């Protein structure tokens, strides 16, 4: 059992009446529980917290008048029963996929799996289907990309990343997701918090659907797999921005920090492990 | 009140055990009711009909052994109370969009609305928000594209279509959807049957979310707006293929026909009208 | 007769032995003569000035050791006999194009004319072939793009610019060139200096081949057409970078200024005129 | 010494007066000499043979009236002194590249070398610069692509091919050329005839500039390296189509055959060798 503390802080100058949707709330996930949390939005205006989709993702809607707007969110998340095993999970037959899993087998805006079937087959057909093959995808993505902050933007796709050979966490996840789907394995994007991220920021990782469950993967090797806290789930990062708004506003400051309150030594961050989801 | 008869017929040679998902079943839609239907799959193997998503879309799963496989689907759909009005519907504020509508505001695989914000603003900012503006989008798409069978393929996107200036029904819908989303109007893709389509085929059209309801549009002007029968709904055509399978099979023949049983004169097909959905 | 003064200044910190190619030298062009010039490179190392191609474009090669490197280039250019007429030039038949003009009819890295034939035909088939049609292309590009510094980068193409609706001078030229070639009119990219550019910088414009001669156009309307001084000519901007190098160096400062020494009032910059080239 | 016989035959139905440019004439190349040739165009109309560029590439211009048009070209080419050595050639320093070689270091329409610098560095930085490294590029391209007729079209680029993992001869050459340029090695596209090609067709291959000379490579391994006969040279395939025309005509039939008149056994086609050019 360990405890993770997450903190995010967003400060805007709002220039005209604007409607914000924030996705920063930590949600229960695998063996993780949110035992305490606090959301402060100043000024106190019309605010609505609302579940989005069946996965617990929570959206915070804020109507803001011109002037400063700040959102501060803190949570304490407990992690229990983590087993960093090499799971023997196999792949689920296409015929047996539940209908709510099907959308995650299809190509999406940033994960054009339909374009990568040959590359996926050539690189990964030799691996055992299931956990081993998806681990192979993670290792391949890790080897083929350089982690270069600023090398990509909000319209960069998995195909762009494959070609340019560089990206950040969302790009690693996008390329891995696209390859999974090209192999016939449903995969979905997770936004969240991650212990020990350097520099501190929101993080992006992914899940693959194996043997009837969603398994967690992170091809970046930038955080311990049990240090990932989930905010939202989508087909790709386009579905789960930490904030979006209509109106006119400027983000002046963003602070994110995620700390393992019980860890005494830093993780070496060299594994691309996975954990079975509840 | 009129009645539409839809017919689709798919014949495959299956080379190895294959799992098929078919989306050919007509579903209730606006003032349309499915009053009779018949689904014949030969040989009779393990078949499962299953709702997909909250919109009534129905998936037919078939496990097929090597040999011939045929699917024939017939339905009679009644259309009542159709009012081809010019609806005065306005747009819904971002802040008020229901959570289940939000995904249709986001870019998708074939509708990269994030790339088209300037084009959309430049072309349509002068039109009144709502029904008039979306009608303007349809007219613009109709004017800017040539309908050229074979000019596009399964990986062609709205951006590709904008650049090349040609496409088929799915491309018209994709470009219109991308422009709607770029304007802040949720839009979704519908696959279906369409009366008087020439040549006969499955059809693709779209809905835009205005004033709290989904309104139907078809930028191709190839069928009367009350002659559209819905099969499925998705973010774009990638979500609602009429058939997909894993295995090894060849489509030998496809026949689609859609007839208005009560119409005596052909529609002139020159309107891009819309109807409020139930 | 008027005189233009051009000035460019590039300051690098060289980290490892590097080989530079500079394209900053003004060349004779239409009715323009270079009457005085001075090139200062410090430190004085191995330098070679060399003509590149048949158009007078001059390359300066510099081998630089670690340490500071600066290049300062000044020229005085006289402009005579400028007639800002609306030229009646027509288009040259494909069969009669000289072989050295043919490459400028073909698509290039940043001007994918092969993808734009429908758009070009739809927009410009109604205009009289020749000068009028190319002027129409310039006007269309001017209307469809917003001039937004920073909106594009070194890998942005004409197609990207068409889709995103924004760019800078090189993008305006690329889109216009691509459309010309799609119409069957050879077009080439010119890098150079431009009077009254705000902010001051190197400039990009283009020439179209009409009636056996190259005619100058600038779709940006940012400088008077007789205030354009030529440095280099290529298929697109990729062919004529102001500087390229192999090694390791950082550009610390770039200053460009171009002044009409004899003009007393500023040009209003609202024409997209053209001048017949010598 | 051996002799190669090349034959090409193009038959059109011309619908309106059309201007054709043909590039089918074999030219001297390395140790190859054209010892006999015959060009028959029926009907005999205005025809012009003209050199294009400094490499000997010859263009045949034909003005055709409505009706049938046929072009038949036959040549006998001798090959002497072929040494299929593994050449020890190194790479030429950027600073020392002749100006007429520089264009082949730049990105072109179908070879976007500017986008592939990381992939090129990651894959080939470990190889010895020069002949060994370019051979490594050829082997990598051969391994990463499937040769699939019909998988690509006239607008397919090197980047598209890298992503989709399949192509034909022009695509193999494009990807190899793009990678060479990304490594700082000038490379150019050659169209031509190739002995033993199956199915018979025109062929595309490439040259890389090493140690002051152009070396021939073919990443497809579909023909013996000394069985390649040159027609034209360009930055990529877009520069050297075997035929282009303005007007209205249909290609009814194309026959190409290339035979080694002196070979008794077929080549096993498994080498990606190279020969120094004269």
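Letters A, B, C and D mark the chains as written, and numbering starts fresh at 1 in each.
In the analysis below, contacts are C-beta pairs under 8 Å (C-beta built on N, C-alpha and C of every residue); 3 or more make two chains touch, one makes a residue touch a chain.
Everything numeric in this text was worked out from a predicted model, so none of it was measured.
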item	value
Minimum number of chain-to-chain touching steps separating chain A from chain C	2
Count of contact steps on the shortest path from chain B to chain D	2
Pair with more cross-chain C-beta pairs in contact, given A-B and B-C	A-B
Euclidean distance of C-alpha centroids - chain B vs chain C, Å	46
Distance from chain B to chain A - Cα centre to Cα centre, in angstrom	31
Chain B, residues touching no fewer than two other chains	115
Arrangement of touching chains [line / ring / star / complete / other]	ring
Those chain pairs that satisfy the touch definition	A-B, A-D, B-C, C-D
Footprint of chain C on chain B - complex, ascending	115-116, 118-119, 122, 144, 146, 159, 162-166
Contact set on chain A toward chain B in their complex	19, 21, 50-53, 59, 61, 63, 93-95, 99, 102-103, 106-109, 112, 114-115, 154-155, 184, 238-239, 245-246
